[in-house]
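Think of it as A, B, C and D in the order they're written, each chain with its own count starting at 1.
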Amino acid sequence: MLSLLWLVPALPFAGFLALALFGRRMGAFAAAVGTGSVGLSALFALAVAAGFISSPPPARIYTQSLWDWINVGGFKPGILLYLDSLSLVMVLVVTVVGFLIHLYSAEFMEADDGYSRFFAYMNLFVGSMLVLVLAGNLLLLYLGWEGVGLCSYLLIGFWYRQPENGAAAIKAFVVTRIGDTALAIGLFFLFLNLGTLDIQKMMNMAALRWQAGSAYPEIAAALILGGALGKSAQLPLQTWLPDAMAGPTPVSALIHAATMVTAGVYLIARTNVIFTMAPAVQFAVAVIGAATLLLSAASALVQHDIKRVLAYSTISQIGYMFLALGVGAWSAAIFHLMTHAFFKALLFLGAGAVISGLDGEHDIFKMGGLRRQMPVAFWCFLTGACSLAALPLVTAGFYSKGLILFSAWQSRRAGFWLWAAGIAGALLTSIYIFRLVFIVFFGKPKTAVVKKPGPRIVIPLVALAFLSIVGGFVNMPAFFGVKDVFSRFLESVFPVPPQAASLPETELLLETVSAIVSLAGVYVAYFFFLAAPEYSEEMARTAPGRALGKFWFSGWGFDWLYEKALVSPYRWFARANRNDAVDLIYSFIAAASRFFHYGLSLSQTGKVRFYAAVLALGAVITITIAVLAR
Amino acid sequence: MEGVFYMAAAVAVISTALVIVQMNVVHALLYLILSLLSAAVIFVTLGAPFVAALEVIIYAGAIMILFVFVIMMLNLGTQSAGMERQWMRAGMWAGPAVLALLLLADVIYMLAVSPRVSGYAAKAAGPREVGIALFGPYLIGVELASVLLLAGLVGSFHLGRSVRQRLPEEGEAGGGEGD
Amino acid sequence: MILLWLIIVPFAGGVAAWILGLRGRGGGSAARWASIAALAVDLALLAAILAGRSAAAGRHGDFFLEARAGWVPQLGISIHLGMDGLSLLLVFLTVFMGIVSVVASWTEITERAGFFHFNLLWCLAGVIGVFLSMDLFLFYFFWEMMLVPMYFLIAIWGHERRTYAAIKFFIFTQLGGLLMLMAILGLYFIHGSQTGAYTFDYFDLIGTRMSSAAAFWLMLGFFVSFAVKLPAVPVHSWLPDAHTEAPTAGSVILAGLLLKTGAYGMLRFMVPLFPDASQRFAPVGMAVGIIGILYGAVLAFGQTDLKRLIADTSISHMGFILVGIFAWNGLALQGVTMQIISHAISTGMLFILVGALQERIHTRDMDLMGRLWEKVPVMGGVAMVFALASLGLPGLGNFVAEFLILLGAFRANPAASAAASLGLIVSTVYALWIMQRVFHGDERTRWTLPDMSVREKGVAAAMIVAIVWLGLYPQPVINEAAPALDGLRRISISGPQAVKIPAPDFRLTAAAKAVPLPAEEDPAFDKKARVVPDISSQKSGEGVNERP
Amino acid sequence: MAAVPMEHVFVLAWVLFITGLVGVLVRRNLLFILMSVEIMLNASGLAFIAAGFKWGQPDGQVMFIFILAMAAAEVSVGLALVLLAYRQFRSLDADQASRMRG
């Protein structure tokens, strides 16, 4: 069973190849190839999962070496697949959610002239993402890492005719590449200090050779963190994600919500040994997560574009995962990663259904009353929103977010503040997502619905809605008396979090608080955006309200800052230097010699007497010199 | 003998100066011949009668005759003197004057600093010695001089002969260039 | 003898192409086929070498093939050719790129096709000669010999400012060559005065004893010459002009092969001949490389002429080579070899694409392009692949190269490597900029143009296969080059060095301390250079000591 | 005759030479230029003769003979050129023959 592992990433790649080579001649068949390859891959993934769970390999680790990639001296990263419970979870999320989104795209993208190209890119993405999560060494992981970045670029700029899409795509690639470069330097550092890039050996070696808290793990962790920040759109590299919404909606759902952006979380979880040994950096992870979740939740509150709300929401939710990673709650982070993948993909797909239903309308203030016109989309979107807002008991988000908040509370370092940030973020989350729900689906209809979702859109929506509910039941808090299956499943990968001090009562209390907070958020949203919208409008009209709104709307001015501090100067310099300042040196030499050439040729007057005079002058001077030098 | 030298020198200087300020070519040529003759006299005072004879025969005779022929062939009219006058302007003398002064300074300096060796060799070299030297150590020079003369002969013959055939062609090229 | 044939065949092929091309009608086609045939024969010779190389062994360790004949024995000049793994790879690359450029310019060159192919083949023959020469005089001979045909290629079949570009190219490289000639002669006389044997032979000259000052200046002569060819900032400015104005085949050969002769010269001659001086020079060399990486990328980003942009990216990529060479350890040198090969392929293909585009729309100005994907999706896809190769996407050859170089450089000098890594970011900017300006975005001019022909698709397919193969399974190349590179590193440490200069601490981290590595064999050369920043000593002070 | 100091002869030679040089530079007529050149040649010949006389050597006179030969050749070619130039430019103005201007 497990030996089928290589097929899981290979199938999407095969699909990509087929589509890239023959896609333009396939027509509608392209969707079948694209979806089919990912679907098969999902089936194989399930088979592998069944095999992994029913008969676990020794040490719950299965590796499959395909071929030697590079072998130079001691540097020999192979094409090595590595399966443990963590990567298994990731593989399942990627393939299953990926398959559902492919299915959705088959209908969503039907009218587009780049139909086969879309599926080619999507397949390439799924393949790269699978390589990323299955990589046995960091170099192969880096291959997948860059591969998904590439697909993100390709798909954000999928509608290439609009220059702004291209700009967003380039921005996404470049910003993440900044992080990737930090990661690459991290790989150099790790290899030269630990002598290997094989993740498992590396972790063992790190534990053996490095002392916790010393500079080595701190540097390594900081560099890895750099990569994770870029990919997962965390402060200060978060600016690309809102713009990335220029891509087709399924892309936003798959890449910019469910899978790729959470790769940073996966990476940190994967290298948890190093982060554990680097408390300073780990704390920085928590702080960055907390700051990001607050900042982007605030930004989400004031957006007009339905997808941008969700984009900021994604940044915010990944902030939660970082918070969890920062406090050492590895399995909580992965748990939230999984549930987030379900509900955020659901939200995006729901939004996509709405957008295509309204013929491409993105502005939420032009929507309204869609509850009756698009009931399926409404109910599914509502399910996702509840899960995101972490409404108590029935939603997956409640369990995963609760676990994170509880872990933050327990953190020995600034635990209360991290928890407070998380709970404040939870309030904001619930406000902004229900603001969206109330504005879009309630009230008076403003735009006519032109298209109802067909079965290939409805099935993924319903499936994801189902997962958004039940996905949380695999890991319930202790006071429910149910086993925390998910955390136990990941136990072989992660060190057990320090759980000693707190009691189940504390957990119960905290869960209650967060439940109250999320319900309060729903009410606030109801009050300000449905029941009495004039209050919110009034508030937005005051001077500070307007300024704050604008500031939040622009994502806290990061884009402005980067534009002024980095992009413009670079562009200016490149333009100004178009003709290469260094070349001026040589142009000067050439000009000087040309100048002398003209000067000398002027002396050639053609007048014999002038020549004679100069000759005589030269002779006289020579004689004078000879006389004087005697 | 001293008197002869200084007189001849004065004649040479004056006639030479007149050569270069004359407006009429024929007059200038006559003064030049005078200058050459006075030079011949000086040669005699310097114990070189053979060379003086050559000077008179070849320089003042043969070479100057060439000039005369050419002047005749050119058949310059009276307007040429006026043109010469027009060409001569006061400012033109400044540059050559500066050069002359520089060279004068050089000469004075040289004469001032160089050790004075008074007196002359007991016996001046006669034609016999000159002949021996010419066909002894300077044989190569003589041969080269003959080659040079031959080249001069051929050259002047060539130039003189092809004048008529080349003229229209050259004129065309000149007109076409417009430079 | 087979080595000599490798050089003679293109020479003869060139002459044949010229003669065949003289026939007015169909002459061009005949010349093209003659060129292909000559290169195919070379390829066959290489295959024969590969097949039978275990039998023949060269005199010197890693050289499996050597040929030697007297030329001017009085002066110690001989026709001494040798082939090790490195040379084999580069000669193979030369022949491959030669075939590709002939095929790529099949329809581009219509005037004087015979003479064009004559120049092309003679240039290739010169390059092959450079890669095989084991005699410094012969090396110099070939070095200059590949220059002249390239001059003609640019000056006759180039674009608008071809004369300017050709003369600039010639003057720059010629001046560089002159410095090298002086350095070669200096070495020749120093060696001769010491041993009494005046010889230009590479193997005899290695390990010549000389004062450190002399070694430094001679090394500098070689360095400047190779740096001009490479090119390194600030002697790079001939490159954008030459590449831009050259015909497609000229650009491909310039970027793919001529630049590489500079890298090869550093690998084969500069460092092994003057190891100590090179090592002392390493910080400067690395700095020059880093500046080249960043400056080239900035330069590229500012261009509107597509071909010039691509030419400028070469400066950036060659900066990596410089960094790798001066890191001088196994990883970096393998990276340099990989970079030489993959850059030839990636940039060569980009030039071919620009050529194809220019053939269709008669402009290289990116301000006039845009949204071409709509018209020529296949070309767009191919361009995407090679733009990505250019930015170093994993899975394509350039990534392996740049990663190995940076990894090796990190061992030698972490700060320099980190600075060079910034090149990964700036290269992303210009590579994506190409795609955006040319294939995506607004349609600034309405062109109607056909997509790639079968011939062009064939070239593209070969190149894509090559670059992906290099990216996913570079091991054959690495194995081929490994003994040669090890040999070079051995030579550069075992030669008798009269004046041993204690290696100065050129690392940027002052508080450096060597940390033993487990799984890495380390030749003595990079023991000096290897360093791990011991930052822990500043903080905890016990990180290093506690290690087993 | 021994009473004439050498310096005086040389000064005379210098005066003649400079006069010739000034003539070359000042006159525009090709014939005058040629004549001035003759003066210069003659002046230098004078210096040779004087030097030869001073040391009692024949070399000075030999040199003069060479100068003579050269002058003959020069004048013959020069005058032929003058004729040619006159035919071409209808003038003897040296400044007019400046087509070689760079």
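Keep this in mind: contacts are C-beta pairs under 8 Å (C-beta built on N, C-alpha and C of every residue); 3 or more make two chains touch, one makes a residue touch a chain.
Being a predicted model, the structure only gives us computed values, none of them experimental.
Set against one another, A-B and A-D show the most C-beta pairs in contact at A-D. If each chain is reduced to the centroid of its CA atoms, chain C and chain D end up 65 Å from each other.
A straight line joining the Cα centres of chain A and chain D is 94 Å long.
Centroids built from CA atoms put chain C at 69 Å from chain B.
Residues of chain A in contact with two or more other chains: 613, 616. Within chain D, residues 21, 25, 28, 99, 101 each touch two or more of the remaining chains.
Counting partner chains per residue, chain B shows two or more touched chains at residues 95-96, 99, 103.
Chains that are in contact with each other form these pairs: A-B, A-C, A-D, B-D.
Residues 168, 233-234, 236-237, 240, 295, 298-299, 301-304, 330-331, 334, 371, 373-374, 377, 381, 384, 388, 393-395, 399-400, 403-404, 406-407, 410-411, 414, 417-418, 421-422, 424-425, 428-429, 432-433, 435-436, 439-443, 472-475, 478, 482, 515, 517-521, 532, 534-536, 538-540, 542-543, 546-548 of chain C touch chain A in their complex. Taken in their complex, chain D has these residues touching chain B: 1-12, 14-16, 18-23, 25-29, 31-32, 34-36, 38-39, 42, 45-46, 49-50, 52-62, 64-66, 68-77, 79-84, 86-88, 92-93, 99, 101. Residues of chain D touching chain A in their complex: 21, 24-25, 28, 33, 94-95, 97-102. Touching chain A in their complex are the following residues of chain B: 95-96, 99, 102-103, 105-106, 109-110, 113.
Every residue of chain A that touches chain D in the complex is listed here, in rising order: 600-609, 612-613, 616.
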